[in-house]
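The same subunit A turns up in both complexes below, where it pairs with subunit B and then with subunit C.
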Partner chain A sequence: MGLLSDPNRRKALTGLLTRLNTPICIVCYLAGIVWFMGLAFEPFTLRTYMSENAMGSTMVEERFSSGERALSLAKEFDAHKRKAGGMPVEWLVKAMQSRGLEVFTQSFSRKLPFPDENKERYMVRGTNVYGILRAPRAPRTEALVITAPCSPGNTNNQAVALLLALAQYFRNQIYWAKDIIFLVNEHDLIGTQAWLEGYHHTNITGMEYSPLQGRAGSIQAALSLELSSDVITSLDLVLEGLNGQLPNLDLANLFYAFCQKLGVLCTIQGKLQRNDWDTAEGYTHAAQTMMLMVLKQACGRSWGDHGLFLRYHIEAASVRGINSFRHYKTDATTIGRLLEGMVRKLNNLLERLHQSYFFYLLPSLSRFVSIGYYMPAFGLLAVILLLRVSFPGLCHCFSVSLQPSSPGVLTVLTPVVISHLTGVALYLLPVHLQEMAVEHFPVSETEAVVLTAIAIYTAGLALPHNTQRLLSGEGTEQGWKVLKLTALLYLAVLLGCTALINFSLGFILAVTLVPITASITPHMPKALYAVVMVLLSPAFTILYCVFIYQELIEAPVSVSEGWMLFLSVISQGILDHALYGSLVYPLLALFIYPCWLMFWNILFWN
Partner chain B sequence: DSDPVGFDSLDLNERRGRSTDAELDRRDGTRTSEALTPAAAARDEFQEELVIRPLHSGDIYASFQFRTLWDTDFLQEGQKVSHYRLFPKSLGQVLSKFSVRELHISFTQGFWRTMQWGQPFIPSPPGAELWVWFHDTVSDVDGNWKELTNVLSGIFCASLNFIDLTNTVQPSASFKPLGLGNATDHRFLRYATLPREIVCTENLTPWKKLLPCGSKAGLAVLLKSEKLFHSSFHSQAVHIRPVCQDEQCTSKAWELRQTLNVVFDLYTAGQGKKEWSLFKMFSRTLTEACPLATSSKVYVDITDNPELFELSPATPLLSQAVVLGDRRTYSVYDLSRAETFGQLRSLNLLLRWKGDGEMLRPLLHAERYVAGFGLQTGEIHTVIYNNHPYRAFPVLLMDSVPWYLQLYIHTLTVTSKSRDNKPSYIHYQPAKDRHRPHLLEMLIQLPPHSMTEVTVQFERALLKWTEYTPDPNHGFYVGSSVVSALVPSMVAMNTNFTQDQPLFSSFVPVKEESSYFVRVYTEPLLVNLPTPDFSMPYNVICLTCTVVAVGYGSFYNLLTRTFQVDEPSLPLAKRLANLIRRIRGVPLLT
Partner chain C sequence: MAAPLTLLLIVAVTIRAVLFRSSLAELISARVEVVSPLNAWKRVVEGLALLDLGVSPYSGDVFHETPLMIYLFHFTVDYAEIVFIVSAYFVDCLSCFLKPLDRAKMFRKQKYALESDRYSADCLELLRSPKEMFYIPLKVAMFYLLNPFTILSCVAKSTCGLNNAIIALFIFCTLKGSALLSGILLALATYQSIYPLTLFAPALLFFLQRLYIPVNLRRSSFWFFTLQYAFMYVGSLVVITGLSFFLLGSWDFIPSVYGFIFSVPDLTPNIGLFWYFFAEMFEHFRLFFSCVFQINVFFYTIPLSIKLKEHPVFLIFMQIAIISIFKSYPTVGDVALYMAFLPAWSHLYRFLRNIFLVSCVLLACSALFPVLWHLWIYAGSANSNFYYAITLLFNFGQILLVADYFYAYLRREHHLTHGLYLKKKDGTEATLVLK
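Right, the complex of A and B next:
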């Protein structure tokens, strides 16, 4: 600070910053990218360790042994599911009651804003069945949840059956300190959402549901189970939840510890761990795993039933059985033991999981990158925006423009307001205009919504810079500088806040938005820069992410398939917002896109 | 506080007093003539009994009651009592020292599952509950209360010393004296619960020591902790109150009732078989009565016999009683008779279920939960069910909420059948931060066959950092709310004439049996408060100090100071020259 209080040195410093502004920005950008890519390099990451004392040292012997019975139960469940043509509610109620649980059902219904073409549903009506195992001599204040979705077709029968087998085994044990809720939910996430809203008596998404009859106090942790075959080769852990929320890292550690103990192959993002970090392949593998996590987290949707629990401060993860026809096989008994071990450890918890990290990235299951390590990567990108603020003339003109006599305020305000109105239109119109669109064009409702969104997005490019000129006459040199100053600060705040909540989303947006927004001026070749700007706009960012994601999960797609995927991603984003309250769509439509439009405005400033 | 409108609490109290007296009379009537003759000098007496009720869920409920009567009135002025016979001296001294009129204390581990198990004989909330009526001669009630809790804490090896003014309330209507006397001034009543209290062997041992026979003889030999704590529910209690010695109530006596209720689980304790015996439950059998007891009996509820289960050995002695509004039949095993024990000289009752029966839904049932998410606000929901098909009845709801949940009482709503239900009596005492909890008492009319929901919103307070418990992320407990009601009797509801009863008794329902008093406790709540990250206080202190000292200080400095370029200071030679020039009066050099 002594540096800044000395006027001479301060002058020298600002001189340096203004003179070397562009090189410093370029260096920062490259450093940010390199830092981020370095996070996957094993020597730079930390080994995971169990922080929670209550789950650490007490290793017990798992005795669950009725895996075979679970498999025959799965067949029975499958038969009843076929007969009922959906969830066999009565059979499940009886099955749970005969195992000594207190059983309750909850019916729910939800009309989607527009048909979901991926899952082919529009009017959803279903029933959740849950049974509560009351812990002996416990006052109903704490609970754990194990869920298994009842999915259509052949999938997940084994999960439901294993759930019932575990319930039977758990019921005969005396050591439970927390009630255990066994939940079988219909219509996957919608059912979970209905159950959670019913349990906490809230209504945030306009779901209609019948009130719950039985409760078990505050839920401490939840596990979601997805199994579709009798024998599996590996277990995959899914952590990414709604809005990029993650469960406490101790939950992942717990899973990893038990996989190690029982000799089960475990993966994250479907990728096995490799030990050759010093080779190029090893590094690429870790980087791919981490990139997958970043992409999944950034899209803000819930990647399993567990994701919706996180909003209620319930640590949750999904365990997914994978059968990839490798030689190494694991039977249902072992998976049952793994779950038994995890639930018994969670039962030992004296406090909610809070000791370990909530903000992390995982390049593999045994390595993690904490918030302290990954934030500098974003910080290096964000600092570019602040450095550009000190670009010659920008600061100066801001103080001038604030004087009431100057026309600056109006010239800035007009594009800001118009951009945001476009954003509001992008947020509201697609869903509300679907009927009109279906009447006038030969498209389905879903297509209508997505195409309306794209149309408004494109129209926004043409609209603002024209109107701005009409309202306030010829744009001045000072005018665009004030606008750019405002837009830079706005973007810095937006990205900063986003990265704090959902690092991946903030980082991806920063990578594409920062270079163009930092360098844009009206004096550039318009056609070239217009193309570059459009290619780096938020919509194209989503498109790139779709392609990169497909590449990373080793299912590359052609351009036309990618385009179809892109359209479905948009419709899923809008649906996630309406059904579960995911915030990525409103963030992009109401804030990021208008902010980008402001820079677009600068390019066409006359 | 005015008397509740439309609800005569005195009447409630009187009726309850009468019904308990009737119950006592019934017991006296069934007392066997061979009972030990009490000493002539003091008419102290001791009774013990065990009631076993097979539950429809397959679990089994065992309820012990030990009753000691002490024929003395030591609260009279100038009377000193130094001789104790059956009554435990430790409690007697406490009663006289703190001028206690009535004392009720219970330790419970687990939650009574009303929907599966029906009503318990003596209800109690999870954790510890203590309520005491002091004599109206006591001037410093709070002082006495504080000392009393500390003494009791020592006697029962429990953390009752954590009871202080922040969790003590004075309910205006929910807790009336159960013994003699019509005290209604609730200034002499103190009520507190510790929902977090964990009950274990260390609390059972001192409780057993209060018995005249200890755990050496009589029913108390069954009280082995390794079995009692291998159960779904365990509750032990001590109730002390003044009662009448005879029907005319010419002399008073002190009654000490020690009760212990335990429910054994079908799956964990019974290996899934619906077959119970004394040995399976307690790993002991009965061989003798306590020699000091005037009566010692085991009752088995056989109302559903013989359709549902068979009982062996059979007993010719049957007894009928109206318990909790329901007429029940009991097999009685009198331990003071030698033939009870048979040839093996030991009694091992065996109950074997034959079929499944449906339990009648309990008429009154309540539950509670916290709604909402996030760490700022929330909503407490209390749901009360009236399962009576056609009768409405009033209930008294009492809620005591710690001060760190700041209730917004204007958001209080009571709805039954989706219509607003206006309570006819509300007594609300707001909390004072760090001094006093909220107390909310309401008289609500429950419509027949309905669900009544009471909701109130709250905000979670941010505590001072020393006020957090050592495990702050576990959450903070809110004690059970208490629903007290006079519930219409099942007997009165019964219009089934196929039952074997005299015609003259069934035309007009008897008034005493038309309703009965029930207290239902809801589950306690576990609420998370906003909690700072205590795991890194050092980092936080360092960071905060650095930010304040370096960051804020210098930025403030930079922003408020005006900067000027300094005049370069003159060299020493010039300054000396200027000194001389000033003396000479010539213009100075620059």
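Right, the complex of A and C next:
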């Protein structure tokens, strides 16, 4: 308290902060970036370890041996799928019933707000088939889920077949203490969403579905399986879920432990682990893996069927079989054994997975960065905003703005309200105006939505400062300072909250928004700074992320391809919000963009 | 003055009416920051249902309101929304009336002190001018009615709003100088939530000052008035409690309301300090720690009354703030009550040191509460420590705010008597340090 109550020391501190404000800010920014990049350096990360006792010491013996049968089932399934022209519901029901499961179906339908051009669907109608293996040894209050999406074409047949083979094998074992639900869902995420909403009696996204007839206990964990070939070279683990939520790290540890045990090559973000951390290539590799995870987490969509389970407090991950040109091959029996082992370990759980971390980044499967290590990187960026707020001129403005009679409050209120109204327009209009746009312009519905969004975004740049000038005449020196103070505080709180829920999104936004927002004043060369601001605006951040992502997955794109990808990313973002309740689009439209507009307003204050 | 006030009332009622009708009302009334087990509307409805069935509303462990409150709602349950809106206005209008009273008295005092040369010559700029005082009631009204905390509390139909109205009424009557009404209302406030008990000291000091009775333990007039006021207070408390007994026909409500407040059995997280500690500690320390925690509310009355015995109105503000920080089930409605007083002390503004920091902390915390709640309860990725950390920070901010106002008040008084520009003995400029 000495620092707060002793005026001399206070004066010294504020003097120091004022004099060295800019250098401190620059140092903080660089330190934040360096800290973040340092996270991928192996000596700074922790080795993953199994925290959950129930899954740790008890190794299980895997005996699954019907991999070949699974592959022949896959061919049968493929034939029936072709015949039915979609999901062969009756065949699946029969197949599950003959394996001794309680089988139920759920039909659902959903009309998308606008056609999804990536997956070519608009009116979605489908059926989920699921079978419950009742636990012989426990009161059936808990359950595990294994799910395999029934995808169009001939993808994922092996996953469904392996699921059935596993069901047959599991049925004959007596050690199950939790019900096991085998779910084959149609239309990937939409089907999963319908099933989860039906299972939990909720309806948050306006889906129409028939109620579930059979139900097991509360679901403890879920695994989603994606296999499209008879042999695979490696297994990829996908963790990123809706809104950047991650499952408990123990689930990743479990997968890694069994891959090690069975000698299966395992990857994360499609990248194998390297052991040469002390070389430049080794570090770059780890950094690329981590950056991929950050980008995937930041976009807030569910990267596999598991992502929607996380919302219901169910730890879930997707296991994806990759068939590349490596020589090392793994057959279906080994994958079956791996899943058997994982499910048996999960079966041993006495309580929900909670021992290990929920906030982490993975530079490789065996190394992780916990929240305590990565938050300082964000903190160093966020503290810049607070330092700029404490800039003495601004501090003085605060005292002035507290007097309601002064013009401060009103001059600030206008740009704030206008910016937010623009944000609301950006959020609401694209989907609602699509019919009108299609009528008047030669575009498809999806293009109409995306282009309207971009048009409103661009129009917003012209709107606020003009209106403001119209209303209150020339801006005063006092006015922009108060506005900047408000906007800086607003941005700091906004980014802080975002980073808590989805670190990656918060960090990426902070990296691009902080430097320009911290330094903006009306007295700068307008044209130059306007260009810089636009280049660092949220939309351009998305564009950069698209290019960086393509670069990192080793599929670089040309500018025009990148632009098309950017458009599809926007439409996917809007769709994700409408279909699954992803929060990235409303966050950007309703908060980040208006906040950025407030700074834009400051640049054109005079 | 009347026109902006009317406009303000219309705006405030519109906001509330819109929120009452929107889907947000349900969401808000489930927030732990806004409703506590003591004042949740859901529980009141449950109590009413039990009462209608002829069962004691306190059977079961759901209802913890006082009997008078449940009988009030027994007759007005269909108009509950109106009751809550009106109670908000009640607080507001009262505070509007209350400030002029305070003001007139203050000017008289200032004039008197100036004439008698008690204030030093260069402190004229510290004195409060009628012009700046003119807008204070409006500002108080704005601070209370448009405070998001009050709006949330009102929309959630938290009975905290009614308690606030009773306390505001008590302050109003006290400043009006009616000892009897003040005693009765203080008893009512105490009956509602125990803690306003500590407001007895400032009210007594106020009346003593008003009647020009010096606070002197050896003077019989002091004891005479103290006993008189205490009798009015205790007498009405007994009458109210007796009335409750006759209404319900049992003493069930004593353990269920006051025992519930004191022993803190419900550990639902809220913005207070109790729940986390009591969830963590061993059961056999419970009595000890509940004493330690509860004593916080009452203990500060003694030093504060001694220090602020010349300034009972400020003492009331301090007490209300301390109650809302340290009470066992605080909600944002309690915070809103003492925040409404802040514009009344706008003349202290130049002496406040951390107001900017504190505003930032309170603002950030208000945003972080729902975020961390989401992470803990819905996403399951964070845990109670995250939420409690924010609770601690929020209370730290409040304590800093109150301490800052306290310091500023003392410093202004110091400057009034010693002059604004202090000199050291060697003639250089001196600074005041609080140690």
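Just so it is clear, the second predicted complex is superposed on the first by the 603 of 606 C-alpha atoms of A that agree within 3 Å, B and C clash if a C-alpha of one lies under 4 Å from a C-alpha of the other, contacts with A are read in each partner's own complex, and residues count from 1 in each chain.
The criterion applied here is as follows: a residue touches a chain if its C-beta (ideal position, glycine included) is under 8 Å from a C-beta of that chain, and two chains touch if they have at least 3 such contacts.
Quick caveat: nothing in here was measured; it's all calculated off a predicted structure.
Novice: With the two complexes superposed on chain A, say which partner A:H313 touches: subunit B (first), subunit C (second), both, or neither.
Specialist: Both partners, subunit B and subunit C.
Novice: Now for A:P139: first (subunit B), second (subunit C), both, or neither, which partner does it touch?
Specialist: First partner only, subunit B.
Novice: Considering only touches as defined above, state whether A:F358 meets subunit B (first), subunit C (second), both or neither.
Specialist: A:F358: touches subunit C, not subunit B.
Novice: A:L500 contacts which: subunit B (first), subunit C (second), both, neither?
Specialist: A:L500 sits against subunit C, while subunit B stays out of touch.
Novice: Applying the document's definition of touch, where does A:T202 land relative to subunit B and subunit C: first, second, both, or neither?
Specialist: First partner only.
Novice: Based on the superposed arrangement, let me know which partner A:L246 touches: subunit B (first), subunit C (second), both, or neither?
Specialist: second
Novice: Could you look at A:Q173 and tell me whether it touches subunit B, subunit C, both or neither (first, second, both, neither)?
Specialist: Once the two structures are laid over each other on A, A:Q173 reaches subunit B alone.
Novice: Considering only the touch criterion stated at the top, classify A:A459 as touching first (subunit B), second (subunit C), both, or neither.
Specialist: neither
Novice: What is the contact status of A:V231 with respect to subunit B (first) and subunit C (second): first, second, both, or neither?
Specialist: Once the two structures are laid over each other on A, A:V231 reaches no partner at all.
Novice: Starting from the residues of subunit A touching subunit B, keep only those that also touch subunit C in the other complex, and list them.
Specialist: Subunit A residues touching both partners: 4-5, 7-8, 311, 313, 352, 354.
Novice: Okay, in this complex, where on subunit A does subunit C touch?
Specialist: Residues in contact with subunit C: 4-8, 10, 245-246, 310-311, 313, 352, 354, 358-359, 386, 389-390, 395, 398-399, 402, 404-405, 489, 492-493, 496-497, 500-501.
Novice: If we count contacts the way the header does, which residues on subunit A are in touch with subunit B in the complex?
Specialist: Residue list for subunit A touching subunit B: 1, 4-5, 7-8, 100, 102, 134, 136-142, 171-174, 200-202, 215, 217-218, 311-313, 350-352, 354-355.
Novice: Which part of subunit C faces subunit A closely enough to touch in the complex?
Specialist: 135, 139, 142, 349, 353-354, 356, 359-360, 363-364, 367-368, 371-372, 374-375, 378-382, 400, 407, 431-435
Novice: For subunit B, which residues are in contact with subunit A within the complex?
Specialist: 109-111, 113, 115-116, 126-127, 195, 229-234, 265-268, 272, 367, 369-375, 379, 381, 471-475, 477, 523-528, 535, 550, 554-555, 557-558, 561, 563, 565
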